[in-house]
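Input: structures, listed below.
Shared between the two complexes below is chain A, which pairs with chain B and chain C, respectively.
Moving on to the complex of A and B:
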């Protein structure tokens, strides 16, 4: 069985999906403290990125359960918690 | 065999005036580098003497006028579907009943569930027909919504910066009966998905509040849930194969694109180019009118249906899947069949031509209307309407077939034909 992902690895997955969804951000440094909205990722793209991340980590939960995080780190922590929960 | 039921006649009304959305975004200084992805062009704007009643009556009048007296006498139910009501108790349907001169033996009421209200009204009417309690009876279902969110205060414009361009105004009138010339519903074929969520709301009569991200998430959850429930309920149904065309509730086209992509990935793990081609083919026609009137709330999915029937080039019977979502939330995926007769009958309504005839507001006109001084607010006891607030929009050579609000006397709204 694969080793479970930790929050930092989920951050990396989210950032990878951001770069793929919004090519303009390909070379920009992005970290845990950044918010997708502040990076210029629009609401449709944000939902795409979250869906792709859920798929990548193998988590099947309603999208509305991931509402609330203010930045990428908090989103990764929440996904991590849902995976463990 | 279940008897036929569905939409016998239909009309879409986009009001008397519109605003160019790109111009509005430039004016507001919105940073929208990928504006084209949102698939928005114009939005209908309700003038102060237009309200949910005038939108509804003006949408329904051509349908009623086209009926014989005998047919009109069989309208036994009027359902108004709206989140823009004008009274907590008395429903808009009573005004429709009066100004459309409908029979006295008629059941009148109103349905509210944000943008789901229209689908709820259609299903309510269809089930009245299917029940057989009054064979041959018809129902008039009218969705009517206008948006004047910026009236609340200056902050509202800021709070709703990205929603303002998409919020529109419009009404869709549908006669529902056992002779479904426009759309024959697949009775019994539907799927629902609902849960309590605070994604958008109207905490005051003319204010709105919401969370764009949460609303989008709820919409996506519901699209998957309602389609999933339909596929569970209808043996042999397949989202990709069973529907030649699709019509989704359309806050703006970009949101529909997102939901379609979500479904195609979830159900088929489809690749981007395949998803894009499918969207163009099965959802492209549905955006024809929505991108010209904006989000019409309860009527949005039927504005999409009208766009599909009018522009998809239907030459043989096609099955159309409809997805309705209303914040708060309730959603439904249902289906029906349209054919060449549908296209011919709806084409005769001249929906596109009527949209072309709307008055194009300047930003200055629009800002003056937003200030709201001339608008009749919810709960207004007495008022006289200024019909010349935007002189160019007033139909100087009207044929007496368009209803406008004239005055309010002791809360009672009085309308005139111009």
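Moving on to the complex of A and C:
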């Protein structure tokens, strides 16, 4: 069994998916405090990024359970909590 | 002389993509050279069943990227090719001169991205919970309307129309109707790339419509419309965009005029061609043009290379007494573009009109009916004044277009 991912590693996965989905953001510094909406990621792209992240971390939960986070760090923390919980 | 319409509808721009390459220059060069582009199909998702010969046909090079990368990565190959031919036609016609609200788009074709859908289905079969949300709008053919109207200022209307292998010609008819009704001043008829997957190819093979494996070691000989050795059509990736406009609208370029057009149903459910329906469509288009078959100097056939299709079409040529006209078969060079065929073949007629030449018909070694004036292995110089373009589709769709040279229209 691989070492479980922590919240910072989940942040890295989310940021990788953001850069993949929105090529314009390839060179922009992105961190925990950024929100996807503020980065200009549209709602379908946000869903795509979150789904790809869930698959990468091996978590199968309905998307509605991930409403609420205001930035990438909070989203990573929530996914981390769902994984552990 | 043709009846003079008050405000005739003409073709003001062309964009093409096929196995010959992207754009009119590559198309013109390959077309008149009769260059071979047939080979075994290798695009992912087109594999023949185990133990059977690979499918033969034509695949095009990667289209020039006209969409921004963020959009392009979410577009199907069909979508990227549509944007590319639209970009070429748009610039050719100078469509920026027309108000966006006065421009329409008719995309011809249905089930256009079947190959990519089949690949996605296989890729997510074991992990359906992670299906990308975008697939929820990408499976609709109208996704092409969205892509094209997001990338170009088309704000009159956009829609898709289906007519099986006649879809491209049906799009021309509907674009004409939209201009004539006053809904728009210019309208793009786009014959979209029909992206067949292995399942569709095998079904067409099973149906007996597609060429057999007889020529699998000589793909360049396999596509033989109107030749005694024909045994089915061969698939060819293609797409074309034609800009139609009102004569008075002020676009400077004129390839030719749409003098008459008809699209009718003959009451067939399946793939069988129908001679009466074909003749009726031709007579309707000719009547609208104020012409008779005697005025037609050039025929561009549907001519797929299926035995029953070619035989039925020859019966139609005989009934219309087209023995005086020059005839060629564009599918002998491009393969059968299905949804795209009618549009790219209409573009072929217009390009031949401008060049004063007819392209060769590949592999027409023993014409099924030698009493017609076929264009064989070499191109011929020929002034087109009035051309008849046929397109037929499964399920009883028969279309005929009568195209006039610019000077023949007025």
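Convention: the second predicted complex is superposed on the first by the 85 of 85 C-alpha atoms of A that agree within 3 Å, B and C clash if a C-alpha of one lies under 4 Å from a C-alpha of the other, contacts with A are read in each partner's own complex, and residues count from 1 in each chain.
Note that a contact is a pair of C-beta atoms (placed from the backbone, for glycine too) under 8 Å apart; a residue touches a chain by one contact, two chains touch by 3 or more.
Remember, it's a predicted structure, so these values are computed and weren't measured experimentally.
Trainee: Looking at chain A, does chain C or chain B touch more of its residues?
Mentor: When the residues of chain A touched by each partner are counted, B comes out ahead.
Trainee: Quick check on the superposed pair: does A:47 touch chain B, chain C, both, or neither? Answer first, second, both or neither.
Mentor: both
Trainee: Just to be sure I read the superposition right, which of the two partners does A:23 touch: chain B = first, chain C = second, or both, or neither?
Mentor: Touch partner of A:23: chain C, not chain B.
Trainee: Does the superposition put A:4 against chain B (first), chain C (second), both, or neither?
Mentor: In the superposition, A:4 contacts neither chain B nor chain C.
Trainee: Using the superposition on chain A described above, determine whether A:64 touches chain B (first), chain C (second), both, or neither.
Mentor: After superposition on chain A, A:64 lies in contact with chain B alone.
Trainee: Once the structures are superposed on A, label A:31 by its partner contacts, choosing first (chain B), second (chain C), both or neither.
Mentor: Touch status of A:31: no partner.
Trainee: For chain A, which residues lie in the overlap of the chain B contacts and the chain C contacts?
Mentor: Looking at chain A, the two contact sets intersect at 24, 44, 47-48, 51, 55.
Trainee: Provide the residue numbers of chain A that touch chain B in the complex, in ascending order.
Mentor: 24, 40, 42-44, 46-48, 50-51, 55, 62-64, 66-67
Trainee: Would you mind writing out the residues of chain A in touch with chain C in their complex?
Mentor: Counting only chain A, the residues touching chain C are 21-24, 44, 47-48, 51-52, 54-55, 60.
Trainee: Could you list, by residue number, the parts of chain B that touch chain A in their complex?
Mentor: 31, 33-34, 37-38, 162, 195, 197, 211-214, 216-218, 220-221, 254-255, 257-258, 261-262, 265
Trainee: Quick check on the complex: what are the chain C residues that touch chain A?
Mentor: Touching chain A: residues 69-70, 73, 127, 129-134 of chain C.
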